[in-house]
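Shared between the two complexes below is chain A, which has chain B as its partner in the first and chain C in the second.
Now for the complex of A and B:
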């Protein structure tokens, strides 16, 4: 039949939309099915309480890459990356350290550290650039390579050996697989500074600063900062992606949850909606968590036993909660200038503090001294809160998905502890709170579909990266199920609002002749 | 040639120094080994620190020593006899135990008792681990290629490694990378479900490391313990009769047999360099001895920051040496016992006391022990590797008496406020209490306990920060990164100067490989016949 779709994309998160947009531009007839009422998934604005709104679950993000902006014409469709945020690492005793671009400043911050920060950041941005060929292509197979794989490896090898140069390459090979804790201790003295960098390396992962692999997670973040400094997530990204996809002829249906992927033998033939209707399509792209894709939408019974077994080995239990506070006024943070509260505020006084907070989560417990990433988006956009009011958007680590005490019973107590923790830095905060909402990893799973509430649809550990993400056999976006492709953060190069998994997936589909 | 001039001087009579010297002497070099202590062996020693008990007071099992070296130096003839270990076990808090027997049928029966599912998984597990062992073992007696060099030799070596990998299937390559970068807990959870079994098989992966069972990069350490087993060479995993001193003793004897010379109480304070070339050493006594080649068996930190003059070392190397990670994480108790302690959990005459005994039966307990170390405390509930070698070897304790060796993970380099003798005794007491929980008569039998923390290890043996591997075995310090990038081929920053200790590839454990590999490079530079052995497979 003529109105049959070439591709059905499951999920209108930013990766699903990016993928759909690319496919539509290649002339394919594309349908996007989104369970929720609007686009963007974790990048979508969220209302809470009465009259309060936060930009999204991912409240801070780097601009999407030039490649996407150009290919998808995002700027013309209204995308703006927002004003770059400074990072203030709060400290009640010595005052904050401020990070902006490659400059670090702050009371009692040594000149040596300030210089070291500039060099360090420069050097690691070079490392991130060296990895670019890896991030911007499908991960190369290490045996039985296709020409594309060889090309990527050659580019990577060249960039590492000659792009970086001998000594820088040595250093890259030394640090690539280790923890950020040792590297930062080698380089800096100031605890505030070290903790601020370590925070960016671990946030979103079930890792502490001392966990091997945290240099790589930090490099993944820096790869995003090559496009520009992190800013408050604006609703313009999902909107622009929708506009871009629709302009290219893709159809997007909201409130349209997919119940399962239809199979004919080992071949995907479309999707069945929760309502029971089935939508046939030549190929199916899942932009939801790979674990949900294989376990729930396909079903282990339909998969090769060894593959199904390896799917159960994918790790990714969320450790970050999101606390939203509706405030009657603007809180004051001790040591923070009146002009600064609109920036990104970190409460992570030392790497040891972060590591200790992480320790508890390993045993399904919560630290009394958690780590906070705070923004007050209403300062940038007054419409987010009633007149004179403000809204505070806070990432809290580490709150384990598998909380021994159980989230339902324990949540109120945790909220009190969190507010107390914040009040230590913002005296009188509790008096300003009119509304609050804590999204535990369990809530994030329930409301955003991320299995075990993990931001990145799977831990960004080395053994789940590149050809191992989400698992080998499905790392190049095609899967053991013919005509079924993956396009979420669970695939290479992983989480963050980069759109790269969606783009790489689309290119893989087209390379495999998906358009014909 | 004057009495005071040699072809080669080796600084430090540890097992690697002696191995290195033995191969140099075997190829005809006039070789002198200098040792600061009044005895040889470094951390591979047997000492009498309590009347009548002569035991291994540092390293305590002979698990990794390369059979190729054993044969090449004919150590059997020099009196080295290794007695195989028959079992290992973990006591459970509920009064039960898990035993891992060397007899595969008994082992399977015991696995079944705890979890039939795990008994089946063990078959898959053993096969997989064996595969990785075969792969890794091929790299031990080779010099790592330098990724920064374009010399044909390095290119060939990379090609060789690549060829080895390509003997694996594509899926196996990915499985290997996962194995190499994973935590031991996560890796084992891919096979096993039973808590005690998980804890039992993960313990070995944290020995001597600054990592926990949940830290990525601990899984492959499993090989350090499996490798001996799969050598097919029974002797490769067990006790040296007479203690570890018998190992260094045999190598020393082989060395002397080749005409080598050893001087004890001869501490080297300075490697002499002139014109970017090592010319000899200066002793604490002020005496200077000249040599064409100077080899350091000291760890990288000591070699570059203590016995070399700053002006002889490039600034980048100095910085690397300062940043070299060598945090100690282990302690040890050597306990003289008035008799054999009883363990009520075990059936009468159980063979399990003949092997490794552990008292931590969950992954959480193991990981919490690590959390203590991260905060510079010794573990309140430590992982211990406890052995009673006197059951095999009557030479180490008087008749009817016994000797217990307790390796303790974790113990900090420096607890808050630094070590004091009082703190050391507190640390020892923690360990004794843990054992006493499982052996009611243990305390009464205890005659003498030598408690060793990283502090004692550094002061006595000269291992910086008491790290038993002469440097942590993390990815930044493995293969061509060990000890640092650009210096992983056993050559120092000046001509005629080399390193042969465990700070170099393939790292720690009484293996002898770094010593042999360094000897190969030295003989190559001197254009002498290569006397060092090639890796052989006997499976």
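Now for the complex of A and C:
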């Protein structure tokens, strides 16, 4: 039995690799099975057309936390977080508003808004810090609490009450569950500024600025900014995680899709590969979407009826597409200085614009006026495109997974509409395009295994957060199936390139005696 | 779909047998059972009781919840649904089953009829369609409610075999307990199962509603020859307690209907541990039941014979006279045939053991004056009443 693995981790996305690395460091014999050809999942580089390469889905991310860098020795394994990006909220009439750290600037941006932005950001970073004990631990159970749960809640309570102080605490409790739309309207006047903040609160979620809980999604995003400003993602994170995991003794197999999780009685005993081979293991960690884990890899029939039913009720239909453009030259954006197209450019002129774009997606339609997040990664790394060429990497919201008209028939028309929308801000763009690729949420599901193409493996709504993420009965990384653990963005604290679900899952496994 | 928009004017439905027994009710004492108008007492309670125990009783079973479960995965579906090992169930047989929620608490119990290789009928006390459909995810199975599409009669009592034979149903002699026979009555197809809720010899008859009245008439045509009585729910309550049968929703809470934590009951706690087979493969609630099985029993529904002849009614149970309160009586009846006060009580165990002795403290009236009394209770593990003639094949002729 000496050659038997202690743990098989399904998926070499960043969470799977983080989890594997922690487990291997604790002395476990770990195998990672990845269906794709390389590591990183949604953060892996992706080739398209001839000679073009982009970060696949997560093209902008905050640095991973100090805890992970230290525990997994990531810097030594080649991790670098990249240069901080400014955010430019584009406006063809008034010119852009630029956000960098706690500084907002731009033509015709009022002094009151500039001051308010500094205060607002500071205050919300404090809020995000107060939530840190919750993000960095398994979510506490409210009934039958374990001592660790009590500690997490005590730390959270302490940080909210004494870390924030009384007035801030009241403000935190007021805004925690409400929508970002109301909060931003209370605080700012400038539409560009409000929309730029609101964008960060809703991107990746089937939510508009007016959706309750969008303050919380923004705080989850800010929690990442505590580690540093957002930057273009590079291949350095997946590569460093692979190196770290392998240095700790974990084995990683690519092109190795798992067909199902093997069960004996109610206990996971390993995995069966698509080729039919079985790999026995003492425990199984699924770092893929929880809905895929339970429905496809385990199967509803092997679960208790109500739990299986709850899995079907997890909300998470993707609304973000990814548009990749191969360009013969660098496009010019109206009002953007020649030095700045390498920053993060937002086309989201107002919160009402974002909300309206979201409205269409609720009914399975695409707005004629979508929302864009644009980067040109080839400006930072010239190897991503042929000589003199550039690549544009664009998140497009809101493109619904359940497009009424059907993705197969309507994709070319939607691409044309998107290019037209972009050209309004970058005149002459269409003449530069030689190659393009649009990943719809349906494509994302197909290529990245995220059910319904949702970035975060399930909405980051309040009713699917903390002790309810991904669902009641599996919120502390262990599941009703003994020896099966969850470690994807579908688990607490959710999506983003944080690695925290993977780390928290590993800690839970070790706390439950997984290493012995 | 035809919707009767005036349904509210007739809140109680009439079963296909209603016209047959409407005139037989001497008391007009009706009850609502699953929104059907059925007799609570049709004649006299004692007459109806003794029809079950020493003659032949007929009861309308149509209101009972009935579900059709069929498809290639029907067996796999049922294996995951119920706690019992079904490997011995085969077409033409019936088995008693119980099903639980994820926490291993009883949702309901019922009888499962295997009608064909891939077709089953599940009869339940309470409405189960939502739970049955919710459980069907991942199985190739069709589930439909057939309560209103199948008419059913319970014909029970020592002479029931002879009555049905005289009424023109052939082929009953080979029917063993829990067998199903597809028989005829004067040319009408009728499915007969040797099942019941009385603890006596008896049959349940399943028939197309169009033939219901004709079947009824065939049975009541031999009434002069045999003592046959329409019975109501009150008589059924007496005989089912004598037989030691429990009733979900009355003797204990159905799991998905409780609000308060700790108010639902596991199969072990209601005395149904014998239909829980933890090693049969996965079923809903198994994990929770495994954990419970390892722990000392917390409580049990317990059959009690209560000393004396005063009606006990609702009462608390104590560990010893004037001792600690340990439980409560859930149902009780005076048994005319045993001349005993019978009860089924929910009793907390102490240190994993049934407390001993057990006493009931109850209030009763004498000439409108309330009095309090104590009576010792004697636990029973077997049915209070289980006559030999109940399971004889072929049954005795009369």
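Quick note on the criterion: the second predicted complex is superposed on the first by the 516 of 516 C-alpha atoms of A that agree within 3 Å, B and C clash if a C-alpha of one lies under 4 Å from a C-alpha of the other, contacts with A are read in each partner's own complex, and residues count from 1 in each chain.
FYI, a residue touches a chain if its C-beta (ideal position, glycine included) is under 8 Å from a C-beta of that chain, and two chains touch if they have at least 3 such contacts.
These figures come from a predicted structure and were not determined experimentally.
After overlaying the two complexes on the shared chain, residue contacts for A:266 are found with chain C alone; chain B is out of touch.
By the touch criterion defined above, A:307 reaches chain C but does not reach chain B. Of the two partner chains, chain C is the only one touched by A:480; chain B is not.
Greater residue coverage of chain A by touch, when chain B is weighed against chain C, goes to B. With both structures placed on the common chain, the touch criterion links A:472 to chain B but leaves chain C unconnected. Put simply, chain A uses residues 473 to touch chain B in one complex and chain C in the other. By the touch criterion given at the top, residues 141-144, 161, 166-167, 169-171, 173-178, 182, 186, 210-213, 313, 315, 352, 355-356, 359, 362-363, 461-463, 467-468, 472-473 of chain A touch chain B in their complex.
Listing the residues of chain A that touch chain C in their complex gives 265-266, 295, 299-302, 304-309, 312, 473, 480.
Those residues of chain C that touch chain A in the shared complex are 76, 80-81, 101-102, 131, 134-135, 137-139, 282, 284-287. The residues of chain B lying in touch with chain A in their complex are 147-148, 166, 169-171, 173-174, 177-178, 181-182, 186, 190, 211, 214-217, 316, 323, 325, 364, 367-368, 371, 374-375, 474-476, 480-481, 484-486.
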